[in-house]
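First chain written, first letter: the chains are A, B, C, D and E, and each begins at residue 1.
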Amino acid sequence: MNGGLTGMKKRKQSMKGKFKRKDWQFATLTSLLIATLVTFLCWAILKEPPGEDLTAEALAPLFVQSGVTSPVTAILLNFRGYDTLLEVMVLFLAGLGIWSQATVDPTNPLVFSSPATHPTKPNFHGPGPELILATLVRILIPLMVLVAGYLTWAGGFQAGGAFQGGALLGGAGILLILAEPQRISTIPPALIRFGIVLGPAIFLLVGVSCFGYGGNFLQYPQPGAGSWLLLIEFGAAISIGITLTTLFVGGRPDPKRLKGTDQP
Amino acid sequence: MTITTGYIISALLLFGIGMNGLMTCSHQLRKILAVNLMASGVFLILIVTGFGTDGSAIDHVPHAMVLTGIVISVSTTALALTLACRIQQRLNRSADETAEGNDDD
Amino acid sequence: MIEPASLAPWLIIIPLAGGLLAFLLPSRSVLIGLSATVANGLLALAITFYSINTIPLEYALGGWPPPAGILLRIDGLTLVMLTMTAITGLAISIYAQGYFPARIGSGNGVSRHGPQQDFFWPLWLMLLAGLNGLFLAGDLFNLYVTLEVTALAAVALTALSGKHTSEVAALRYLLVSLLGSLSYLFGTVLLYRACHVLHLATLGALIVSSPVVWSGLALITVGLLLKTALFPMHFWLPPAHVNALTPVSAILSALVIKASFYLIFRFWGDVFMRILPLGGYSLLGGLGAAAVLWGGIQALRQKRLKMLIAYSTVAQLGYLFIALPIIRHDAGPSSRFALVYLIISHAGAKAAMFLAAGNVFLHFGHDRINELAGVKDALPMTSFALAVAGVSLMGLPPSGGFIGKWLLLTASFASGQWWWGIILIAGSLLAVAYIYRVVRHLFTKAPGPSSGKRQVARTMEASSLFLAVLSLVMGIFAPLVSKLIASDAVSLASLLAGVVP
Amino acid sequence: MTGINFQSGLHILLLSSGAGLPLLFVLFLWWRPCRKTVYALLPLTTLPALLIVLFVPSEVVVEVPWFFMGGRMGIDPIGRAFLFFTALVWCFSTLFGQASLSDDPNRYRFFGYFLVAMAGNFGLILAQDGLGFYLFFAMMSFAAYGLIIHDDTPEALRAGRIYLGLVIIGEVLLFAALLMIAGMAPGLLFSTGQPGTGGALLFVLLFLGFGIKAGALPVHFWLPLAHPVAPTAASAVLSGAMIKAGLLGWLRFYPLGLSNPGDYGEIVIVLGLIAAFYGVVVGLGQREAKTVLAYSSISQMGLMTILTGCAMLTPTYRATIFSVIALYAIHHGLAKSTLFLGTGLLKSSKNQYSQRCWLTAGLIFIALTLAGFPFTSGAMVKTALKNVSGSLAPPWSGILHLLLPLTAVATMVLMVHFFTVMPTGKASSSKRKQWREMLAWGAGLLGVVAGLRLWPEAARFHYGILDSAVLWNGLWPILMGSVIGWLIHRMALRAEKESIFELPPGDIVGVEGYWNQRKIIPWFTSIQQTPPGDTQIFGTPGFISFFSKYQGELGKREKILMRWKVIGILYLTLCLCLIVLFAFY
Amino acid sequence: MNQSGNLLIFILLSSLLPGLIIFSLPEKSHRIRTILNLGGALTKLSLILLMILGIYQGFYYEFRWTLFPGTDLVLNADPLSALFATLSAVLWLLTTIYAIGYLEQSPNRSRFFGYFSLCVSVTVGIALAGNLLTFLIFYEMLTLTTYPLVIHRGTPEAMAAGRVYLCYTLGGGAAFMAGVAWLTALVGPLNFHVDGLLLPVVETHRVSLTLIFILLIGGVGVKAALFPLHGWLPRAMVAPAPVSALLHAVAVVKAGVFGIIRIVHDIYSIDLASQLGLLFPLSLLTSLTILYGSWRALQEDDLKRRLAYSTISQVSYIALGISLAHPLAAMGGLVHLVHQGIMKITLFFCAGNLAETLGIHRISEMNGVARRMPLTMAAFSIGALGMIGLPPLAGFVSKWYLGLGALAADQGWVIVILITSTLLNALYFLPIVHHAWFSSQEHPWPTRKAGKLEAHWMLLLPSLITAFLVLIIGLLANSEMSPMAWARLIMNKESLQ
């Protein structure tokens, strides 16, 4: 990514001269306006007397029915579950948007390493610094997966949850991509698609099944709400992990690459 | 009261700087980063809103909103960066072609 | 008897599920996409039919009472917008179903256009879900999330065409909508700090005018204005709408733009009407008037048909903003009904025009206005659709546009603000001028033999014609729509009881 | 109409066929196959009119509500008299025309117009209400145009154009007059007793409107132009019957319209007198026989104008004066038409010497009757005229008493001049045609001789008793006139000219040339290519040129708006404005 | 009380449906198209006659469609609308026959006849409109349906004429819309049959009522070709003959004047209009138009343009009659609506015949043409003489009543206007008739096919029928069923209400 961006910097200098004079005026005017806006906001917010908190009072008695002890997760998944559903959909949408943009071949060295740092060695697997990376992968990845699992589970009673676990899994994914592009690129795209869709699909299915239990959409049956939430949490964590990795890769797997035609 | 005012002022400053960056920088990447700055400013204020007068967290709804906001801003930034990269790659490829053609650029 | 409110969540579930499935099984994405859109259409009609005389309704998501949980709200305006989105979306999907094979069949192979089709449907369904969610949402933060879903889907769709220009436009569009939605979020935060409640109805009742509320509402409004591309901030709309694929540009200009305007109308015309300043309404009206004139003049300058239609969108939006001050001052429901009518007929007409322009581009390879002479012989149905849509945009009877303009005109005169009336008329004359530039070629004889390259499928022409005729004969459905809006006015009257005229 | 017995049914049929039959014949003329038969039966068209005169009593009125604003047909004393000589004149002219034009290529066209004019003439006499009268009057005038330009010669076209111009002006003036009268007497019925309230304007309109047709002074110049160019039958009818329609118009409308016609009577008499002498003076300056006759008609009409003037002056004697006018009209109509037919005959009788002398004898006799030779209808009319002038108020009776004999002298002088310029036969025509023309002319002559005798009214003017005073009164004007005439002829011979001074026919119309040079008329009817889209107030080229001028400007403005920096500033200013508005709300 | 409002809808549909079907017909299906056209025309005529009988017996037809509580579309039949509807229906039947004959081989006829029938249904819509909003809707739709007919030929001049036509009519339409909107804002829905609508507002809004009147008359005046707004009519003569015959002599122009009648009589009511001092300027304007139209007609050598200018002046007679604020003059104006329509359509038919068979467009080429085409020229002469206002013909009747009304309203100067315009009419019509009948032929014309009629029978028959109508209406002016009696009925109904 930074390889591409350097090219952009080069073109930038050449244009610099032309806009010097006018830019200065716009810049000062904008900053002046922003300054006034910010000061007014400061004044307004600080002057504001603390109003009595309606939503908090309304929510307080209901926490016990939420099936989860940690208030944030309760709000996140139960009281405002619809928001979270849409939020997961947004993430899915980002993945969808990036996949619709372009195809990327993870094994192509140009993509992940700028020519400046590795001009000579096209292949990634030689001895030297790569050795450190390989060992890191062997040790860290399992650990990261374990911690992610714990974090997702811990969401029920303390800070944590699907997104934090998912983020960790994403990190593990990125590490894998950097270290072992060949191994990653052998994963069939259908599996990746399933992975991405899994989380939102589970969330949606759970929501719809609530109708079965006679409640509104996303109204989990009262006694077992906690277990439903857990199910959603784990599903979401997995798909968030996979989606974040694809976001990092920046495109859908290249169909030519998979058909075994080995050109870079 | 003082802790929250400090957070609020810094959050507003963050928001202002982010907006200024978005509007004045002409480079795509700087704009995307500026947007992130603005978003973090807003999230900071959101968190502070949940705090009571004595600094203890009473209302957790803003926290949930922050989480949602963060995920959304991650996805939008990802999409923005991809778009920026594709534009740049296309510019570089066309720049290289023109470079071979005439080397004034 | 089905309880209408329980149908509401399905309006969101079906498109979401469709989007996921279409992504999962790319080969059958067209089938899934079409069936989801049809289902959504039927559902929207069903809801409108069942709940016609029991609105406004509320549906608690997750069963939690308002201040705690999120609410879906259904009132006259929502039903109208839902039906509009459903019908227009259905027509555009039918068009898209014929559009992609035509592009693929055009020789430069499956490689470039194949994936476009696979990804169009999931993105479109997600957009549809976002739109439905937005119209139904009764919660301030939920609106932010749905707004975000719609914006993201729209940007991804715009960038779908893969051309360099469309990507640049998409990035600019994304950055603009980010600025807009962040300001909106900031506004929401400020309002939450003031009233600590997110549910719109209670917020509207509780809100008291204070500096924080001022700045909150100001930020929300400015954010939404940027996303609706009102006059000074319309720079991102033409490139985005023109460079996108034809069905996408139709979706963008007919539906996505309306979503953010719907929010402005919801806030300025309904929820916060009580405390919003009169000066604000005339400011918006003034900007709207400037948009009508500037959009019209720019449309006259354009060389390409799609650019002309894009600028005509900028102009037509101006009308919607002119309606706000009139609604504020006019007591009766007629100006409200007029605004809704303008929205619906513009959606139909604009979508039809973009689809027709797409047909022309597909068939001739270019859409330069001065060389459109051969259109009538090559594509008779498309030329008729262009003419009929043009009539509806001009606001000539019997189109819905006329009824909207007529009621707005009478309301503006009745409420003593005759200057809006004059702008309306000047605008429609400008519309006549730039539509005439296009329609005129339909009647001139084609100079040489029409060298159309690609054959345009009949369904594509039929769908654009259907939309155009729909917007033309909108007049006949007026009583149905008026019933919906009238009931809105009643529920509003109570809210406005304390309004200082 | 129920319960009418057979007789009144017959009357209604006759009344409606008076004007109807000629129109019917026109339709048949138009229809190609039966043209020949219709041509042969032409004289029959005048039969119903004659029958009406003889049989239909005057109180029968045909009310036809659906016909054109409610038509009313009927015959009243004046109408009967006018119809009597008009029918006779049309009958003789038809006979003559049928013969003279038998080999003319577009004779059907001529007789088409001829019959329409006839129908118009009969119709206007029979009409009992203003609108009916106006309808047939217009029909007759426009049809006469077709007769005048029958020969398609340049002079005919010029005369036709002038005639048409005047006719239209007349129509328009009458239209205005009728409107004013209709305002007062809604039904415009002639029979209503109460007088109208019209003032000077109405009098001028009526006088000029009908004066054009009657050849009154200022607007007479179409007559001398039209008569020479028109075929003989047409000019006979024109001067014999059609001119009288103007007179009838005056008689019908003056009592109806004017509040007190009296104060306009003098003007009419003076104009009549001037016309009488003017006609003769200018007539002497003409070289063509028919033009001379035309001028004699103008002077005779002048006399009749005097009579109308007298009628206006003395409303009490109106009935008697009307009958005198009727007599004069009959006498002049028959005489003048026969004169015209005779001149026509002379023209075409090249070498039949015997026929020529018969003709000249007949013409001389008619000239004498015109001048008022004793024992002829002329004398009778002269005595009637004298009685009328006697009954006038003091100043006028004296003047008229003096001037009337002079008019007789003048007429005689003009007649003498007429004989000097009598045409010598130019063309010879077939024997059979010649014979039929002679027959028609003979009938005319008979009419002149016996016409007035038959007329019951005339008995009142003790026709031609043998006491010496009356004889002398009748003779001396004729003798004196012939002597003066002969003297003038000799002076003209010495100056080797046909007449002592040269005047172009249609004296004051020569002024038309003046108009042409001045380019008044050409400018007015000039046909020049109008500029495309005369008033370009809304023409879009204006709008587009204005628009393209600012094209570049608008483009630049739009580009500026495209830049982020500008948008940023606008965005912030808008936000701040809203906040400020909030603050001040 | 909606006794049988759907009769009115059937009248509208009887030409709307065939029009829409014809649009979809392929070009060569000549027979179906003719059947549809003529069938539509005949059904419409019979339905309208049925309506007239109904009106005669005091039947009350009304069709109401509420768009929005407070604004609804109303169609109902009163004598005035019956008059205009009959005129359009009769003349549409004749013009359809004429058009079928005229456009024998020309391209895209389906489009032509489609728009043609749409246009007539819109005209009848204008006639039957029950309130000012319905009138406005149909008035604007009239522009839509007539524009394609004006530019039917697609030549550059046609396009230019079409552009000018659009500018004028849409500008007018916008002004009219503004006026109607403003009035509705002041007073509420403007029903034609409710009297004294504006009374409550007269004292307070005197100035705005005057402004509204100017807007309304300006808007409607464009189509009625009043003086400053007449520019489009002569230029629209590039359209084919049937279009200029029906549209620019009857449908479009009469719609404008009909609008003026509705505004002055039913919305403002005569006494209110005169009280506001609006009628006198209107009569001045119309007189100015009468003289200007005739004067410009004098200078035109192109036959159709001369007829166009004469239409401009003749139409203003009707407006003049209305503006004289006297029942008699109004009766004269109303009846002139019918008479002028019939006379002018005869003239346009004959002009079309000449152009079609002999290719004559300019008057200077018309010398001796009567010998070659006697029937056409006979019809033309009857029409021309009628226009001048010779007694037996229809033109005289309306001029007569106009004069009477002017006198009764003691506006003497109007008679001077009538006289000068009659003179001008004579000046520009009689030379044509004279040259046609009496001067010899100068230009070579295509030889006449032996035994055949002088022109296609479909071109000849309509012109002869309308000429005969001119004669009959003139002669039988006083009978019950004549337009004159109908105008009297309208005036009595007016004064009665």
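Simple rule for what comes next: a residue touches a chain if its C-beta (ideal position, glycine included) is under 8 Å from a C-beta of that chain, and two chains touch if they have at least 3 such contacts.
Note that this is a predicted model, so its numbers are computed, not measured.
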| item | value |
| --- | --- |
| Co-neighbours of chain C and chain A - touch as defined | B, D |
| Farthest-lying chain, centroid of Cα atoms versus that of chain E | A |
| Pair sharing more residue contacts (C-beta pairs) when B-C is set against A-D | B-C |
| Chain whose Cα mean lies nearest the overall Cα mean | E |
| Most distant chain from chain C, judged by the mean position of its C-alpha atoms | D |
| Intercentroid distance (Cα basis), chain D paired with chain A, Å | 109 |
| Separation of chain B from chain D, taking each centre as the mean of its C-alpha atoms, in whole Å | 103 |
| Where chain C and chain D are represented by their mean Cα positions, the distance between them in whole Å | 79 |
| Euclidean distance of C-alpha centroids - chain D vs chain E, Å | 37 |
| Junction residues of chain A - those touching two or more other chains | 23, 26-27, 30, 34, 37, 40-41, 45, 53, 55-56, 59, 80, 83, 87, 90, 93-94, 97, 101 |
| Where chain B touches two or more other chains at once, by residue number | 15, 19, 22-24, 26, 28, 31, 45, 59, 61, 65, 68, 72, 75-76, 79, 83, 86 |
| Junction residues of chain E, two or more chains touched | 163, 171 |
| Interchain contacts (touch definition) - all pairs | A-B, A-C, A-D, B-C, B-D, C-D, C-E, D-E |
| Residues of chain D touching chain A in the complex | 565-566, 568-569, 572-573, 575-576, 579 |
| Contacting residues of chain C [partner chain E, same complex] | 332, 334, 337, 391, 396-398, 402-403, 405-407, 409-414, 418, 421-422, 425, 428-429, 432, 436, 440, 443-445, 475, 478-479, 482, 486 |
| Complex contact set, residues of chain B against chain C | 15, 19, 22, 28, 31-32, 35, 38-39, 42, 45-46, 49, 59, 61-62, 65, 68-69, 72, 75-76, 79-80, 83-84, 86-87, 90 |
| Touching residues on chain D, where the partner in the complex is chain B | 564-565, 567-569, 571 |
| Chain C residues within the chain D interface of the complex | 176, 179, 183, 209, 211, 213-215, 217-219, 221-222, 225-226, 232-235, 275-280, 283, 297-298, 300-301, 433 |
